[in-house]
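Consider the two complexes below, in which chain A is the common component and chain B and chain C are the respective partners.
For the complex of A and B:
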């Protein structure tokens, strides 16, 4: 392929990615009659009514708040506990370390459908059903292994001399870890948080199973509304379009590290 | 990196261990419990031995969903990997367009999975959606709620749309770790485009590609929400993959015994393949 036509492949690919998103967004600005009346590429009677419903009806906007709450709790929790563990895996050999690491990864491989019912029973038994904490804890199942995996990759890229020099200078482990080590791998932590955010934000099966009213995520609100109130496609499209925004914001922040993060820090 | 032997490092792993074990062991034991016993409620259990396992392994319904699952996973890997490599190779390496490409390409990965399903449902609706309308007005008879082939094509294209970017980003990360000197040396030697790909770029991408295929295998084998929202497993059972079938048995029919046995068989299959991949990956890393 010559240099002049090289841009064609990524451009066509991005166009392919954007088309369904455009379909969704343009539908969110249409009235129900226009949607059901047939296909139109641009909204004919541009309306913000669908968005107005979402921003004024608590069952809708609470869905967003609930999702954000459990995603943030999960992200903070996962990264906090994964940091020391990833350090241990990247710096030391200890009894059963390789088995433990693989066992952690197996949890990333567990199909959520397998765990849906037992999770429901477990979190009901400990009275956490329908709380943000329940979803945040349940998402730890796959987010902690992922966080350990990514952080371990980033930490292995930091030379061990850094640790040794600090200890020679009389730093205690906790002081070294917080003052020196964490700032050194700040980019890695940012990327890990991004991934925890992402996987907790997009998951629905467990989030839906573990909530009914008080902590219901936006994604579940959408499925319910779609089935109960008939054919409100415009409303559904508006709610869907709004779920893209938080993702777009976090991608923007980590855009320079995102590729390395997807490679789990191992490039 | 040389690692020191230190069993005290276990203390650093304990918080992770407790949290993950809480979420993994107790539910897994519940599943095991149901898989070997029969219950009629009230926490009364009767030992059933391996009855449920035999039932599941012999059931044509399980075989059918397993075959659909394997075909689906095979198809999406066969499409996404070459496409991902092609896009990564042609992506700009430097300049302001890099960020634009990365952000736009990562966008599908951050959309909740049921929104992905709903979006493609809207996109593919025969009379109203952009894709459905275009195909039908081009004279192609397309209706994904009625025709199994249309439903399959839509599901596969949806997954390609959703996840190819993951492979692009991974390959891009691998490619950007190649120093410019390598390309200059290849240029001086008069290497062909193919030779550069085969002997410089592909070896550098080997490791990230293993991760990519591993992740795509795992996630596509567990796929539930997107096809469930898009087609509901239909028309008929034609797009009922393993997870959809499992949820139908467990929560739809409340057949807990067979569902639990199927869960374990299902989990073991994923585990086996991932273990093989993991071993290969670790061997590559040690080299």
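For the complex of A and C:
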């Protein structure tokens, strides 16, 4: 291929990739009548009414707040628990360590639907139903194994001698871990947090099953396609466009480290 | 400062399931005198690093005890042993500056900041790091980082011992010489015990007052470089030290003297009594000379190495290495060689037979 046409393939690829997103964003500026009326590439009647509804109606904006709360709790919880676990896997040899490590990964292979019912029953029994904590804990099911996997890769890249030198230099284990080790693998923690955030943010089934009103996530709100006033497709498109934003912000901060995570084959 | 003593130390790493443990260290009884400069020499996998890690406390030996000045420290944590250790590959705290890296062990011990500064600057000067003190350690080259590791090992003056685990592997040859002589200089100034692990005999022989040769989990000989050269106690020492290594041939012993392919060899160390086991005779290439009557040989190869020449000879099927001076003549016809009786020794199952009568 000549130099002048080299840009063609990537451009087409990106174009196809962006097309549905463009469709969504453009729809969010249309009225429902226009959407139902037929296809148009640009909004004929440009309107911000859909966004206005989302930012003023508590049933909508609370969805975002609820989602953000449980996602943040889940991310912090997953990383906090995974740090010592990943350290153990990367530094110590113990009976069945390799099997256990692989078993962690298999937790990601089971569809969340399998766990929905037992979680529902359990959380109802201990009064956690319809709380942010319930969803955050349920999402730990797949996020902790993921976090352990990613962090283990980053930790194994740090030579064991770093630990040994710190101990020789007179640091206790806990001081070493917090003051030296965590800053050393900060990039890895960033990448891990991003993936925990992302998986928790997009998960719908568990989040929907375990909440009803108080902790209802935005994705569940969005499944409500019709209301008393008929179809609200414009509103849905606006809500969808807004769900992309948090992920985009987070990925901006870890963009330089993500590639490293992929290179380790852990993502 | 302390005298470090190993008493019956053995160590085995956890074996794979269903197998007997293999000892990485096999019964070590060894005293490291306070203020000594030791080199620990041996091939890869002979237990050198295990031994260092046992001294510093990173490993607890499976059996035996370690004593510092008579006090048992076998189960002490690393922080209580006051040992500095430098590893083969650079270990730096990436998030800190070079200065903070070097100051780290001192600050951890609560040293006053003015003293810290003074000491760090002194060490930085010695290692040519003064210009980099304010830089972040992460940005340095591999040998720059290794210099920080070295500096961190040397910065404390109150340690019991400084352990070096092949510290100059990543440093380029020119700088190697320089750093090694700096280390030696520092040893003379401070007089702290230094143990230097290496598998390079030149490095070991130039650095140390005493060389500890390890082989297969055992300390086979401890001695000055001259002792190791003149009187190897184990065939491994003979062959590991010296270039080329010692000639070792199987032999039988007759009347206390070795017989090598029906040639009775003269030795000034006659063996007393009967010997059982694998018998060998050892002689260094430097202690072989041409003689009118002796063992007939064929010259296979002559290598001129500048100040001396290395000859490869054969007698029957045995290969004999011999070293002669550069300008020495090589007999053209029927060359015969003779071994120096003072340096011809008998080994039984690889160990030197020490019960001898001086003939």
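Criterion: the second predicted complex is superposed on the first by the 248 of 267 C-alpha atoms of A that agree within 3 Å, B and C clash if a C-alpha of one lies under 4 Å from a C-alpha of the other, contacts with A are read in each partner's own complex, and residues count from 1 in each chain.
Following the convention adopted for this analysis, contacts are C-beta pairs under 8 Å (C-beta built on N, C-alpha and C of every residue); 3 or more make two chains touch, one makes a residue touch a chain.
For clarity, every value in this text was computed on a predicted model and none was experimentally measured.
Engineer: What does the overlay on chain A give for chain B and chain C, a clash or a fit?
Structural biologist: fit
Engineer: Counting only touches as set out at the top, which of chain B and chain C does A:102 meet: first, second, both, neither?
Structural biologist: first
Engineer: What's your read, chain B or chain C touching more residues of chain A?
Structural biologist: B
Engineer: Which partner chains sit in contact with A:233 here, chain B, chain C, both or neither? Use first/second/both/neither.
Structural biologist: Only chain B; A:233 stays clear of chain C.
Engineer: Which holds for A:203: it touches chain B only (first), chain C only (second), both, or neither?
Structural biologist: Touch partner of A:203: chain B, not chain C.
Engineer: Which partner does A:72 contact after superposing on A: first (chain B), second (chain C), both, neither?
Structural biologist: A:72: touches no partner chain.
Engineer: Determine, under the contact definition given at the top, whether A:115 touches first (chain B), second (chain C), both, or neither.
Structural biologist: The answer is first: A:115 touches chain B but not chain C.
Engineer: Regarding the shared-chain residue A:187, is it in contact with chain B (first), chain C (second), both, or neither?
Structural biologist: neither
Engineer: So, A:93: does it touch chain B (first), chain C (second), both, or neither?
Structural biologist: Both partners, chain B and chain C.
Engineer: Quick check on the superposed pair: does A:167 touch chain B, chain C, both, or neither? Answer first, second, both or neither.
Structural biologist: In the superposition, A:167 contacts chain C only.
Engineer: With both complexes overlaid on chain A, what's the closest CA-to-CA approach of chain B to chain C, in Å?
Structural biologist: Scanning every C-alpha pair, the shortest chain B to chain C distance is 7 Å.
Engineer: Identify the residues of chain A that lie in both the chain B contact region and the chain C contact region.
Structural biologist: 93
Engineer: Once bound in the complex, which stretches of chain A touch chain C?
Structural biologist: Its residues touching chain C are 93, 159, 161-162, 164-165, 167-172, 180, 183-184.
Engineer: For the complex, which residues does chain A have touching chain B?
Structural biologist: Residue list for chain A touching chain B: 1, 6-10, 13-14, 16-24, 27, 35-36, 38-39, 41, 77, 81-82, 84-85, 87-95, 97, 100, 102, 104-119, 121-122, 137-138, 140-141, 144-145, 148, 156, 160, 198, 201-205, 218-219, 222-223, 226, 233, 236-237, 240, 243-244, 246-248, 250-252, 255-256, 258-260, 262-264, 266-267.
Engineer: Which of the residues in chain C end up touching chain A in this complex?
Structural biologist: Listed in rising order, the residues of chain C that touch chain A are 14, 53, 56, 58, 77-79, 83-85, 87, 89, 91, 93-95, 104-105, 108-109, 149, 152.
Engineer: Contact residues on chain B for chain A in the complex?
Structural biologist: 1-10, 12-13, 15-17, 19-20, 22-24, 26-28, 30-31, 83, 86-87, 90-92, 99, 101-115, 118-120, 122-123, 127-131, 133, 161, 164-166, 168-170, 172-174, 176-177, 193, 207-208, 211, 218, 221-222, 224-225, 229, 242-244, 246-247, 250-251, 256, 259, 263, 266-267, 270-271, 274-275, 278, 285
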